[in-house]
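First chain written, first letter: the chains are A, B, C and D, and each begins at residue 1.
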Amino acid sequence: MSLSREDLIDSYRQMRTIRRFEERLVDLVTAGKLAGFLHLYAGQEAVAVGVCQHLDDRDIVNSNHRGHGHCIAKGVDVHGMMAELFGKSTGTCKGKGGSMHIADLERGMLGANGIVGAGIPLTAGAALTAQIKRTGGVAIGFFGDGATNEGAFHEALNMAAIWKLPAVFVCENNLYGEATPMEFVTPITDLANRAASYNMPGVIADGMNFFDVYAKSGEAIDRARRGDGPTLIECKTYRYMGHYVGDPLTYRRKEEAEEWRQNRDCLETFETEALEMGLIESDDLRQIDSDVEALLESAVVAAEAAPYPNPEDLLTDVYVSE
Amino acid sequence: MSRKLSFAAAINEALFIAMEADPDVIVMGEDVAGGGGRAEQGIEDAWGGIMGVTRGLIKAFGPERVRDTPISETAILGAAVGAAATGLRPVAELMFMDFIGVSLDPLLNQAAKLRYMFGGKVRVPLTVRTSMGAGARAAAQHSQTLYGMTSSIPGLKTVCPSNPADAKGLLLASIRDDNPVIFCEQKTLMFMQGEVPEGDYEIPLGKAATVREGSDVSLIGVGRTVHTAVEAAIALEADGISAEVIDLRSLSPMDEEAILATLEKTGRLVVIDEATPRCGIASDVAALCVDRGFDFLNAPVKRVTAPHTPVPFSPVLEDIFLPTPERVIRAVRELL
Amino acid sequence: MSRKLSFAAAINEALFIAMEADPDVIVMGEDVAGGGGRAEQGIEDAWGGIMGVTRGLIKAFGPERVRDTPISETAILGAAVGAAATGLRPVAELMFMDFIGVSLDPLLNQAAKLRYMFGGKVRVPLTVRTSMGAGARAAAQHSQTLYGMTSSIPGLKTVCPSNPADAKGLLLASIRDDNPVIFCEQKTLMFMQGEVPEGDYEIPLGKAATVREGSDVSLIGVGRTVHTAVEAAIALEADGISAEVIDLRSLSPMDEEAILATLEKTGRLVVIDEATPRCGIASDVAALCVDRGFDFLNAPVKRVTAPHTPVPFSPVLEDIFLPTPERVIRAVRELL
Amino acid sequence: MSLSREDLIDSYRQMRTIRRFEERLVDLVTAGKLAGFLHLYAGQEAVAVGVCQHLDDRDIVNSNHRGHGHCIAKGVDVHGMMAELFGKSTGTCKGKGGSMHIADLERGMLGANGIVGAGIPLTAGAALTAQIKRTGGVAIGFFGDGATNEGAFHEALNMAAIWKLPAVFVCENNLYGEATPMEFVTPITDLANRAASYNMPGVIADGMNFFDVYAKSGEAIDRARRGDGPTLIECKTYRYMGHYVGDPLTYRRKEEAEEWRQNRDCLETFETEALEMGLIESDDLRQIDSDVEALLESAVVAAEAAPYPNPEDLLTDVYVSE
C-alpha cells in the first residue's frame, strides 16, 4: 500500500483540517459563541486519518464522544459540522444532534456517540450487514482506552470474533479517561493484549505517526475485507487539550503535554517524513494550510449566519413517517 | 381461511413469512436455534428458542440469517441496532424482558435516539421479541412486565398481543415498521390456541381492538389481562352489568381515541394491567381520562394492577400478585 | 444557623457529614476525585466529580473510602450493591442518569429485589447520586429525566430535590435509609444558591413540601419544575389567580396525601414534569387525582411535560423542550 | 493444606448431598410436585465443595442460576432449601425467592442469581466490604462459561484486579450455555486465559476432581486473604442433566454425557482417591450415603407438610421498615 502524492496531500489536508477545526472551536467557546459539551481531538489526528485513508463509501465508521476527527477523516462536510455545533438547521443533523452525535450515513459515518463504549456493538452490527449483504465493506469502531473497561467492548469484540465479522476496532489510548489516568483503572498497559480474550489479533501502533497507523490499519482492513475477521488495534496517542473545553486540566503535569507536542506531534512528524519521501514539497503543505484556514473561516461565517431550526422541528424525526 | 394455532406457532409463522418475503430480515438471539450449526451431527435446531418459537428457521434460512448468539445482550441488541441502521431488518430476541437490565442502552440511547439525533437521516427497522409477564413460577428476575419502561422511551414503539391472530399480524407489522419496535410475548399465553388467518397480513401498530361490546363500564386490558377483563365481563353480565372490553394491543403509540370513545360510551372505566402500579400504562390511561376524557367521567377511574412488589416465587403468592377477575369485578362495583 | 450555599456545595457538605459520622459510608464513581491518588504529584483531588460535588473528600477520608472507578457502570453499581448487602453503606455516583442504560441491572434486578427475594433477610443501604435533566446543551444522551423509570421499580426509592437545603437533608436521609435510594440532581440547579442550615439534619423521604400557599389551583412540581411552577404562580397572582405550589421532593414513595390535600383545597391541579410524557410521574399524579381524588375534581388534571421526543441539542429547541411558565399559565387558564 | 479425615468425610457428605438433592428434585418434578425453573448442579459437585471447604462464615459466596450446589457447600440448611423450592413459608427465603434466589447471609451465601453474570459484580462488592472493613474474609463468585461473555464479567474482574480485592472468580466451564455449545459463542477454549486482560492469575482446574479444585482454589483463596488480589479459576466440568428440568437435551449426544459419567464422575474419583489415602473406609462413605438419604427424605416430608406463605406476605420485605 504505497502512498501517492495525492494520498499524502489528502492526508495532510485532513489532519490539518481537524487540528485547526478544534482550535477554532476553542476560540469560539472563549468568545462565548458556542455552547455544549465539546471533546476535542487535537493531538490524535494521525489515528483517524491514518485509518480512514483506506476507506471508501462502502465502509462504515462509528465513533465516540471525541468524534470530530473521525467525521472529518471520513469525509463529513466541515460546513455541516460547524453549523451542527452552532445548533443551526444547516447542521449535519439539523442542529438536533450536536457535537457528540454528528453522523452522516451517506459518507458512511454512523455517528459519534455520547455513551462510552456503546458504539462498539453498533460497529459489530454494521460489520454484520456488510457480511450478510456482501457489500465488500468493513466497519471501523473508534474508542478510547477508558472504553475498554465497559462491558460493551467485551461483548462486542467476542461476538465480532466468533462471527469473523469484517470489523476493525481502533482503541485510541491517550492515557486518560476524563481526569483519571489509565493506570488507576486498568491493570495492564498494552490494551492490544485484550484481543487475546477473543482469539483476535491485537496490534499496537504509534498513534502519533500517520505512516505507522496507515500501515497497520491497512493490514487489518485487508484482513477484514478478505473475510478473515476482526482486529484490535491500539494506537498510543495523547490528547493535547482538556477532556472537554473548559477542563481545568488539574490532573496532569503541563510538561507531560508539552513533551508530546514538542517531540511527537503528528503534523510535524508527517511533514518531515513526507518531505523526505520527495513526493511533496513544503509549499504544497503551506498551500493546504491556507486552504484550510479559508475553509474553516467560511464554515464559521456560514454557521453563524445560518438560521436556527423552527419550533416545529422539535417534534419531527422521532419516528419514520409520523 | 384460518385454522387453530398456538400463540407460539403464530409467531413462528410470522417469522417464516417475514424471512421469506425479505432477505434483509435476520433472526438473532440466544438459542434461537440452539446448537444451531452442528448440522453434521444432525443437530441443527435443537431448541428453536426457549418456547420453540424460532424452530425450523435455521433449516429454512441457514445459519447466516438465523444466529445463535453469545450470552451478551448488550452486543445482541447493540449489533442489531447497528445492523438495522445500515441496511438489515433484524429481529433480535431478548429471551426474557427482565434482561433489559443488561441491555437497556442499545434501546434507550441508541435505537430510540439515532434518528432524532441524526436529524432524520437514518432508519432503525429493528424488532425486539421478548418474553414477559408473571404466572410461570419463574420468580422475581424472570417474570417482570416492563413494557411501561419501553413505552416511556420516545423513539421506540411497544406492542403486546393478547391472542395468536393478533400476535402474527402485529409481528409482521412490527418487522416491517421502519422504527424500533419492542414486541412483548406474555409467557403464559404462548400455548393458548386460537384461530389464525393463513398467509401474510398485518395488524396496524397503534390501534386497539374492541373485544366485547358493552354500555355500563369499560375494561381496558393488555395481553394477559385482556382475558382477565373478559372473564370479569362475563361474570358481570350475569349480574346485568354490561362491560365493554378493549384490548390495547399497542402501548406506544397508544390508541387514545379508542380509549376516549369507550369512555364516552360508558362513562366508567377500569384499566387492568399486570405490571406494577408506578409510572405505567395504567396511569397513562387514567391520566388520559382525567384530561381529554374529563367530561365523559361519571366515576373515578380504577387501576387494577400488580402490587408495588417484585414478583414472588411461591405459587400462592404469585397467583394473588396477578390481577384477577374478582379484583376487576370489585373495582367495577365501586364505580356503580 | 444557616448561610447561602450552592446546590453542589450543599451536597458536598452532606457527604462530608455522612462520612464523618459513619465509617461504613464510602463514595465511589468515575472521577469522584479525579486523578485521585497521585498525591506524590500533589494531584489528589483534581476534579472532585464533574461538578466538583465530591471535592475534598479524598483528602479528608483517603483513597480507600473515596474511589475513582474504571468506566464500568455495571461494576460500579453492582459492586455497590454487593458492598451494601455485606455491611458497607456506599454512595455510588452514576455521572449522568442517562447511563442507567449501561447499568440498569444492578438496580432493577439486584438492589431492588434482593430483600424481597431473600425473604427480608438482607438490607441494601445504597445511595446512587446521579445528574439528570435538560437545559445544559448536553444533547440527547446526557440530558434525560429518567426518575420515572426508577420510580417504577418496587424496592427502590427515588428523590429529586429542588433547592440546596432540601438537597442536603434529603441526601443525608437517603444515605442513612436502609433501602436503595436514587438521588437525582438536576444539573441546571447545581450552581443555584440558597440558605442551607448548618450541621446534621435529615429531610424525611416520602414527604412533599408546600412551597407556596394558594386556593384556586394546585401546581405540582419536581426539581427544576418547582421553579417553573413558582414563576407561573407569581405571574398568575398578578392576574388575581392564587396558585398553591407543591414540591414533590420524593417520587418513590410519593406523598399521595399531600397531593390529595392540595387538590381538596383547590379542586384544580396541574402537574409540571420535565420528563417526557409517557409512563411517568405526571401520569401517576393525574391517575391518583382521578381515583382517590375524584370527588375533589372541579376540572381536568393537566400535565405540562416535555414532548415525546429525545432532548434536542439546538438551544432554541431545548428551550422549548423544557416546560415553561407560559405553558403552565396556559394550562391553568384552561381549567378556570 | 492437607485434608483430615473430618475434611474428607465432610466433603463427601456435601458432594453426595448435592447429587442426591438434585436427583430428588427430578423425581419430585416428574411426580408433579414441584414447579419453577430448576437448573441442576449434578456432575459439578467437586467444584462447589472443593472451593467451599476452604471457607468459613467470614467468607461470602455468590452464585448463579445453578446454585443449589453452592448453597449446600456453603452450609445452607437443606430443609430450608427444599421448602423454598416448594414455595413454603419455612423456606430459606420464606418461599419468595425460589430456586434461582436462595440466599442465607448468616451462612455467607449472598444468593443464587437468575441474571447470568450479574453476580460477578456483587462478588466484587462483597470483597470490597471485606477489604475496607478488614474482616479477613474473601468473596467467591461462581459462574459458568457462558457468563464470561457478559459485560458484567469483564467490568467486575477489571475492577477487582485494579483494587486488589480479596476475591476468587470460579468459572465452571461445563461446555454449554443452555443449548449452545461453547465453541459456537466463544472463540477460545481456555477461559482462564481471559484473566490476562486484567493482569490477574488465571488457573485451570479439573472440575471433576475434588482434590485438584481444593488445591488450586486453596492457593487462590490464600492469595486473596494475604491481600495479593483476585484470581480467576476455570474448572473444566460437565452438567449431567439438562440445562433445566424438562430440557429435551437435543443438542448434545447421549454418549458425550455417558463418557463423562463413566470415566470422570467426581464422587467415584473422590472415593477411589480418598480410600487410597487410607483416612476413611468405604463403610464410612456408605454410612454417609444413608445419612444423606434420611436427611433428604425428612427435608421433602417437612417441605410438603409445611404451610404456604400468607397472602399478607405478598406485600412485605419490599422495603426495610415498611
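By definition in this document, a contact is a pair of C-beta atoms (placed from the backbone, for glycine too) under 8 Å apart; a residue touches a chain by one contact, two chains touch by 3 or more.
Only a predicted model underlies this, so the values are computations on that prediction, with no experimental measurement involved.
**Q** Give me the step distance from subunit A to subunit C, shortest route via touching chains only.
**A** Steps on the shortest route: 1.
**Q** List every chain that touches both subunit B and subunit D.
**A** A, C
**Q** Which chain's centre, taken as the mean of its Cα atoms, is farthest from the centre of subunit B?
**A** Checked the centroid distances; the maximum from subunit B is A.
**Q** Between subunit A and subunit D, what is the gap in Å from one C-alpha centre to the other?
**A** Computed from C-alpha means, the inter-chain centre distance equals 45 Å.
**Q** In whole angstrom, how far does the Cα centroid of subunit A sit from the Cα centroid of subunit B?
**A** 39
**Q** Quick one: subunit B and subunit C, Cα centre-to-centre, how many Å?
**A** 31
**Q** Can you pull out the residues of subunit C that are in contact with at least two other chains?
**A** Residues 69-70, 72-74, 98, 101-102, 105-106, 109, 116-117, 139-141, 154-155, 307-310, 312-313.
**Q** Where does subunit D touch two or more other chains at once, residue-wise?
**A** Expected reply: 91, 93-97, 101, 113-115, 118, 149-152, 155, 158, 162, 184-186, 318.
**Q** Draw the chains as points, connect those that touch, then say whether the picture is a line, ring, star, complete or other.
**A** complete
**Q** Quick one: in the complex, what on subunit C touches subunit D?
**A** 24, 26, 64-65, 67, 69-70, 72-88, 105-106, 109-110, 114-123, 154-155, 157, 177-179
**Q** Please output the residues of subunit B touching subunit C within their complex, sorted ascending.
**A** 74, 98, 100-102, 104-109, 112-113, 116-117, 139-141, 148-149, 151-155, 252, 254, 276, 278-284, 286-287, 289-292, 294, 297, 299-303, 307-310, 312-313
**Q** Under the definition above, what is the set of subunit D residues touching subunit B in their complex?
**A** Subunit D reaches subunit B through residues 35-37, 84, 87-88, 91, 93-101, 113-118, 146-147, 149-152, 177-181, 184-186, 248, 250-253, 308-309, 311, 313-315, 318.
**Q** Considering the complex alone, what residue numbers of subunit A touch subunit B?
**A** 60, 62, 91-97, 101, 103-106, 110-111, 113-115, 118, 120-133, 135, 139, 151-152, 155-156, 158-159, 162-163, 316-321
**Q** For the complex, give me every residue of subunit C touching subunit A.
**A** Residues 30-31, 34-38, 41, 43, 46-47, 50, 68-74, 98-99, 101-102, 137-142, 307-310, 312-317, 320-321.
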